[in-house]
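What follows is a pair of complexes built around chain A, which joins chain B in one and chain C in the other.
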Partner chain A sequence: MSESLLHVDDLHTYLGDSYVIQGVSLAVPSGKVVALLGRNGAGKTTTLRSIMRMVHPRRGRVTFDGRDISALATFEIARSRISFVQETRAIFPSLSVEENIAVAARPAENGNGWTMQRIFDDFPNLAARRRNGGSQLSGGEQQMLAIARALVANPRLMLLDEPSEGLAPLIVRQIADIIGNLKRAGMTMLLVEQNFVLATEVADHIVVLGKGRVRWTGTSEELRKSDEIRHTWLGV
Partner chain B sequence: MMSPSTSVIHRRRPRPPLDTTIHGQQMLSDPQFFAEQFLNSLQFSMLLFLLAIGLSVVFGLMDYLNLSHGTIYMFAAYVAFSIAQLGGSFWVALAVAPVVAAAVGVSLYFLLLKRAETGGHLTQVLLTVGVIYMGTDLIRIVYGDLPKGVPQPESLSSAVNLFGILYPAYRLFIIAIGLLVMIVLYFALERTRLGALVRAGVDDRATAETLGIDIGKVFALVFGIGTYLAGVAGVVAAPVFGVYPGMDVSIIILVLIVVVVGGLGSLKGVIVGSLLIGFADTFGKILLPQFAMMMIYLVMALVLIFRPSGLMPARRFSASG
Partner chain C sequence: MASRAFVRRSIGLALIVGAVVAQSFAGFFTQELIAEAAILAIFALSLDLLATCGLISFGHAGLLGIGCYVFAGLTVLAGGSPNLAFPVAIVSGGAVAFMVGLFAVRTTGAFFIMVTLAVAEMLYAWGFRSKMFNGADGMGGIPRIDLTAVGIDLNNPGTFALTVIVVCAVIWLLLELVVASPFGRTLAAIRQNPSRVAALGGHVYFYRLAAFTASGMVAALAGAFKVQHINFISPDLVSWFVSGDVLIAVVIGGIGTLVGGPLGATLLVLLKETLSSNLGHWYLFLGMIFAFVALLMPKGIVGYLLDLNDRLAARKRPSECRQTERAT
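Moving on, here comes the complex of A and B:
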């Protein structure tokens, strides 16, 4: 596991008085997709927010590419090339589609990464709405924009929080295709999902979270076979 | 300690109605008088605007309620007074004082006010009201209690014939500065990268930071611009209203009302709020001299009953969830 791009080591996070993350450890190897699964309220979002230091863990260490990032500010963590697609999508309503992408753009080090132009080539429905306000998009378009905004920063790791949540089946399919394509292109991802099929289809490795702790880890294949884990911790 | 200054608050309208025995309603039917008051309202609105924009954007971006914003306005006005005393022209004061004010404002923020960033509004109010008291006392120690005049620039001391109405050129100049700043800020906010970063920060600061935007740096820049404009307001207001300890308090209350009525964190909101309060204040004083301030509170109450987050608030997106 030492070649892993992201290491989360014994993370403990409180939200107010409630002890939400109770010692979570996980690793995301370079070029792999790790799915973080668990029921509503298990602590998946808080884990991702802790990695980004949007909430401050009381204990624990996060290393990225061998470097300890647990004391950095959120914007510095992002600049170390981690992109976070939030559950709420968090599109800026006062910014146009184009501006939403522009404020996040961070050129690739090697010069041939994602640019605004490449985003619009690959996401034609966003291109058609480039001048629209962020508040005028459908749920699916918002999710596409959130992913586009994450990509244009040319991340080495993407944290995706329930990208398929609340979307129509057709759009969920598109999102799954995007994630599949990114994986084939070698993107490292930590994916939180409630959509069991989507998650197990794309993930190399699965971490099941329950009540703030890691309850199980394994492969998609193993999880499909383990009725007990699925019933107890996922409810599927 | 504010009491000696309260008597001078009413000096804010240095041109009393020509004949105070006539009722306001009758005066308003005189087109010459009406036009003049209309321009006075506009001019006062512009001053409110110059002050309110900094307060509003700082609140929108950092959720920081900085009541000492007016202290910077007063400080700049006194710097302008000192420059005049030393024989410098108004234009020198206009070039220098806002820069000095911005430098002092930004230093004050990073040395002191920043400590209350995470303390909530009550802490911020307590701290910045403390700064107001200290600022007023410092001004008293250095300049004394008495109001002082600052000369208008020579070139603008005449009256201009505006469609048959004679109106002081200097006041038109204030209106022009206000309009110019509005236009520049509009383009800066809507058409530049920094503007997009500011809007992103106002919409959702936490998300902006997850995209690698250093909101602290954006904020420092915005705070500098805001205090600079408060300084501009102080310099241009000085020849009209004079300078006196407590001039900050008398205006900051109106500025707060502008921000609340307009809606926090939005340029359009500040423009609309400034015009509304500038006109309500000016015409309130003519129509109901005894109840002018009540008129302002009435406007605020009415707006807040029907639009609790102000007339044109920045669109916010909840980041939690």
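Moving on, here comes the complex of A and C:
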């Protein structure tokens, strides 16, 4: 697995007194999509937040592109080109759509990456509302804005936390298409998802978390066949 | 319907025009009041710039005081030119704010309030005992900037008031540009949620430090004008009452709106004057008025007007939709 872009090695995280992540290790190979599945409270979001150091793990190492990032500050991790699309969508309500995107913009090193213009070409819904306040958007539009904002930072890795949560089926379809398109364009992603269908459709590799530990890893195909794993750790 | 920025800028323009017109008709006493209000307005702008990134200082008089003491020291004690002392005072305010900010902006909320208050009180304690500046008795004879070369005599109270109004207007316009810039938008994003900004790669500490430094420069500029205006310096200029007054001005006017500070400053100076010349315990009545305003308009006067504008816009929108439907 030496070609992996992201390596998480034996991560342990406490939230207050509760031992939430109990030694999670996983790897995200370059250009692949890894889905992190598990029930509520399994530690999926905390794993992502630990990678970004928005919570501080007690123990464990995170390496990105061969570089140890486990001692960096959150903004430095983001600047090393990891974009985090948070579960809350994290839109700034009093900033316009355009300003929300501008806050995160970081030009690509090779000069032909995502720009504000390219975002508006690819996301016509957002272009139509570019001057609207972040709080005036629908849930689906907010999710698209969150993904768009992650893209203008021209990341090499995207962490997506439940992008389909709370959205109507039609909108979930649109979000799934966006993620599918990004995958085809070669984007490396670590995806946390409750939507089993969406996750298994888009992911190359699945990691199942349960009670803070990795319980199973394999491909989407293997997970679909393994009823026992699905019943015990996912409840589907 | 008018945008929020349009409403804010209209209020600012009305204030400037009102001040200039009032100044041209005013006698000596009113001109002095207008100058006092305009200086407090500049000071309030500096506090509100800091509030843009979510930091509330309760020791801003300390930064004002740097401007006061550096200007007074360089002119009266060192015998230097006030024209040179003025920019030096501004830069000193920025330098002190930068150094204090290095540790102060690591904190937020109540901790930031306490750190800024503590630093300001240190300056007050020093000024109180300073033999150089004649301690608590204060020191007079502070000269004003000499602009006679360009035909402006600042020793004329009307001219001085007008000059301070113009400087205040320029600073306000500059800060409007800053707040609308990508830098200013990031400050606003930090006020709303600093950890979101960090997750997007924004160096929150750097932005806060920059805002605090810029705020210190503007506060020191107000301080340098303050000692020129009253020709006198004493530690009272650095006391926490001064920090409190400017905070009240910003809160009453509308925090985070820029123009709210000058509006609140004007009201504060006028109210103080009216109340103190007619009533005994006038601070009590001032407090009651402010408590009342704060209850009715928690976002301040400008904040209230902006929300009112939004509500009117929302009421108007459905009719616009109907019109477009008919058109298509």
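Of note:
Keep this in mind: the second predicted complex is superposed on the first by the 236 of 236 C-alpha atoms of A that agree within 3 Å, B and C clash if a C-alpha of one lies under 4 Å from a C-alpha of the other, contacts with A are read in each partner's own complex, and residues count from 1 in each chain.
The working rule: contacts are C-beta pairs under 8 Å (C-beta built on N, C-alpha and C of every residue); 3 or more make two chains touch, one makes a residue touch a chain.
Note that the structure is a prediction, hence the values are computed from the model and not measured.
Superposition of the two structures on chain A shows chain C clashing with chain B.
With both structures placed on the common chain, the touch criterion links A:149 to chain B and to chain C.
In the superposition on chain A, A:52 makes contact with both chain B and chain C. Once chain A of one complex is fitted onto chain A of the other, the partner contacts of A:87 are limited to chain B, with no touch recorded for chain C.
Contact with chain B, but none with chain C, is seen for A:135 once the two complexes are overlaid on the shared chain.
By the touch criterion defined above, A:75 reaches both chain B and chain C.
In the superposition on chain A, A:108 makes contact with neither chain B nor chain C. Overlap of the chain B and chain C interfaces on chain A: residues 52, 54, 73-75, 78-79, 83-84, 86, 90, 92-95, 99-100, 102-104, 106, 149, 153.
Chain contact summary for the complex, chain A toward chain B: residues 45, 52, 54, 73-75, 78-79, 83-84, 86-88, 90-95, 99-100, 102-104, 106, 135, 149, 153.
Those residues of chain A whose C-beta lies close enough to touch chain C in the complex are 52, 54, 73-75, 78-79, 83-84, 86, 90, 92-95, 99-100, 102-104, 106, 149, 153.
Across the interface of their complex, chain A is touched by residues 193, 196-197, 199-200, 202-204, 206-215, 314-321 of chain B.
Put simply, chain C touches chain A in their complex at residues 182, 185-186, 188-189, 192-193, 195-204.
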